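Encoded as structure tokens, here's the structure I'll be asking about.
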Amino acid sequence: MTATANAATLSLTSVSAGYGSFAALFDVSLEVRLGEAVGVIGPNGAGKTTLMRVISGLLRPRRGEIGFGAQSLSSMPAHAILAAGIAHVPENRRLFPRLTVEENLRMGAFIPAARRHYGERLAWIYELFPRLRERRHQPAGTMSGGEQQMCAIGRALMSKPKILLMDEPSAGLAPLVVDQVFELVRRIRSEGFTVLIVEQNVQQVLDVVDRAYLLESGHIRLSGTAPEVARDDHIRRAYMGL
Amino acid sequence: MSARLIAGVVAAILIALVPLAASDYLLHIAVQILLWSFVYTAWAIMGRFGLVSLGHGAFLGIGGYVPALLWNFYGVTPWIGIPVSVALAALLALAVAYPATRVRVVGHYYALVTLALGQVVALVIIALRDITGGSLGMTPRAVGFSWFALQFPAKSQFYLLALVVWIAGLAVWLWLDRGTGSRALEAINEDEAAAASIGINVMREKLRVTLISAALTALGGALFVQYLMYVNPETVAGVGVSLQIVFAAIAGGMYSLLGPTVGALFTIALTESLRIYFGTSFIGAANTIYGALLVLFIIFLPRGILGGIEALLARRPAAVRG
Amino acid sequence: MDIFLLEAVINGILLGGVLALLALGLNLIFGVIDVVWIAYAELVMSGMYAVYWLTNAQGWPVLLACAAAILFVALLGVLVHLLIIQPILGSAPINQLLATGGLLFFLQSLATLLFGTDFRNLGVRLPIIELGDIFISFARLLAFVVALLGAAALYLFLSRTFLGTAIRAVAQDRDIMGLMGVDQRRIYLITSAIGGGLAGLAACLLLLQYDVHPFIGLTFGPITFMICVLGGLGNMIGGFVAAFVISQIIAVTGYYLSIEASYVLAFVVFIVLILIRPQGLFSK
């Protein structure tokens, strides 16, 4: 078990990607090991969302290889990547606004493997986020931003993924709610999930992850353990205002 | 441009000489092609800017019935009846297009509103069966060759009239294409809000092509009745003919001057040859193939036959609109 | 109240049931796949011929023929999607509408080729029910009840099952369906099959009341589109309500004036309402 735990479970090797004539990622290599929490930080437009979309299959990489365990994800469609064990909480949460909270969670358990355990997973998510149980018959679009983020995370967890991708979970939320969201991330970690999180909120994300990468203009500029990255001069000046 | 003009004049003279050689059957086909080309061109005048009307049967029907009714019941010459019907068609177009433009009814909604408009006119014609003859149709009172009654029993005479009208239709298309309105409408079709924000009068540009298109279509309908000396709701109004107009224009290529004409040539040649090949024993066989071809056209040649050829000649991949 | 008017109102309600079923199918397809099947009524026509052919030419029992026809039209729906819609999913919406318009011609002509232009019917005469002074056709009542049951079954499917929830979800955010583990192409095919199946069910119910001929689609097709637009394209409940509003307009005007006049009024009401409220009557 220890041997596999140290091996990279998700690995990107020289991945390039973009939209039409616009290139967003250049030669990106990155890895996430089982049980780890990894952060990718960087400014707006650095390619962070593109990185997430490439991993979850919403966007095909132009070059490079994406491996997950023994599988190659590079040409797998998104729905197969979820079934393989990678769930993605998209930017801006993207709940189905007119479905109820419970129906959104049901969508998270769409794959056959998850459908079989729907009842117990739902009970588990409601235990994890009691607020969602209170709101379960409410259309998801009518909840507050923080509650929506909770629901989006819950929806992704319904498939019991091996890795959870989170794209800017704190974006657009009030400062107090941002603290709650990072508290959620800590709880998910303590549940034993492997997490890859993309954030602009550098200081707070470095508090919850083990390692981090800096992504600027589509290139990985820096990587290291969270404390190393937090001590880096460039990071401190450009992203922490220190 | 002048080379094309000369080529056009030469072609027109050659086409004008056709009656000297052709049989009555060929002349009949030629008149059909010219008149339908005119109607399809009229449709494409607005269709090419994304104003896809599924209700042009309404205007065709008004043009077909109003002069014939005025002639039969009041002895009013088509020289007055046709302008009246054209004005009525334009008025109806205005009554729908003005509010539709105001509240920005576009896309599917626009198509379905126009579809309903076509139905209204077809149903009104049927409902007024005491004067229109209902589904059975009606015949304008025939008086033989007469300029007053605009009746030319000889096919060669009507052929020349149809030719003149067809050329006039192309001239209108060109006139609109050359004007600044054309650029404005393309911009509107791309992004209406953006077009309005750079000072384009969306309402005026849309109404202009809509009114011209409706008016020309009514004229085409009137001439059909003068030629065939018979009219029924199925052939000039309703969903069937409305869709026929749309398809022929698209099959030929609604973005090109001669596209709708090619569409008329193609569809009429196709239905005629299929009809001759299958004979009357297989009613429906010809149209079955026609329907299947329409589907294939829209999937594989969205810019139509002529549009496809032009794109090939320009040696660049056909850009799909939308 | 005038007894004949009451009869007209009741008939209007009964007609509304089948129209509502058709509107549901069309709205489902529009909401989920974002296309208008302009040949939807011709799919119904195909189903009516299927029932007619299986019973009259092949001697099948009516119920079995109806079940087979529903499956047949569901399959047609799948073929429409695979052969016509899927290749042009990315092009202008109007092209998709027009491509199914080509299908309209195709199906009409094919029916003419196979069955001629004669009017055909099941040859089954269902009784007339007398309620006091009111006469109600049992066929219409049956059609109404089955249509409502069909609508209820669709509602349960869409609200209670994983697949049904996914179908509603696609209509709200199609780009992230992959992240839910949903294969969008599969959802489109299933939706097309359900849309076709509803057309097949409507076909069975209509054949109880009307003769079938190749152009029958033109008589109720346009009215179905109007109902969908009035309810708000893609808005299933709105379409359901609009079906009863429109059928009531037709029934009552038909009683006072003529059947053509009633349709003219329905279309005019439709045009006016759309020009006042382009987003449909029942949207917020």
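For reference, chains read A, B and C in written order, and residue numbers begin at 1 within each chain.
Here is the rule we use: a residue touches a chain if its C-beta (ideal position, glycine included) is under 8 Å from a C-beta of that chain, and two chains touch if they have at least 3 such contacts.
Computed from a predicted model, the values in this text were never measured in an experiment.
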Topology of the chain contact graph, where touching chains are joined (line, ring, star, complete, other): line
Chain located farthest away, centre of chain C as origin (C-alpha): A
Separation of mean Cα positions, chain C and chain A [Å, integer]: 43
Chain centre separation in whole Å, for chain B relative to chain A (CA means): 57
Chain B-chain C separation of Cα centroids, rounded to whole Å: 31
Residues of chain B whose C-beta touches two or more other chains: none
Numbers and ranges of chain C residues touching at least 2 other chains: none
Complex contacts: residues of chain A adjacent to chain C: 56-58, 77-79, 81-83, 87-88, 90, 94, 96-99, 103, 106-111, 114-115, 155-156, 159
Residues of chain C defined as touching chain B within the complex: 30, 36, 84, 87-88, 91-95, 97-99, 101-114, 116-117, 214-215, 218, 221-222, 225-226, 229, 233, 258, 260-261, 263-264, 267-268, 270-271, 274-276, 278
Complex interface listing, chain B residues touching chain C: 50, 52, 96, 99-100, 103-105, 107-109, 111-113, 115-117, 119-120, 123-124, 126-127, 238-240, 243, 246-247, 250, 282-288, 290-299, 302, 320-322
Touching residues (chain side chain C, partner chain A) in the complex: 162, 165-166, 168-169, 172-173, 175-184
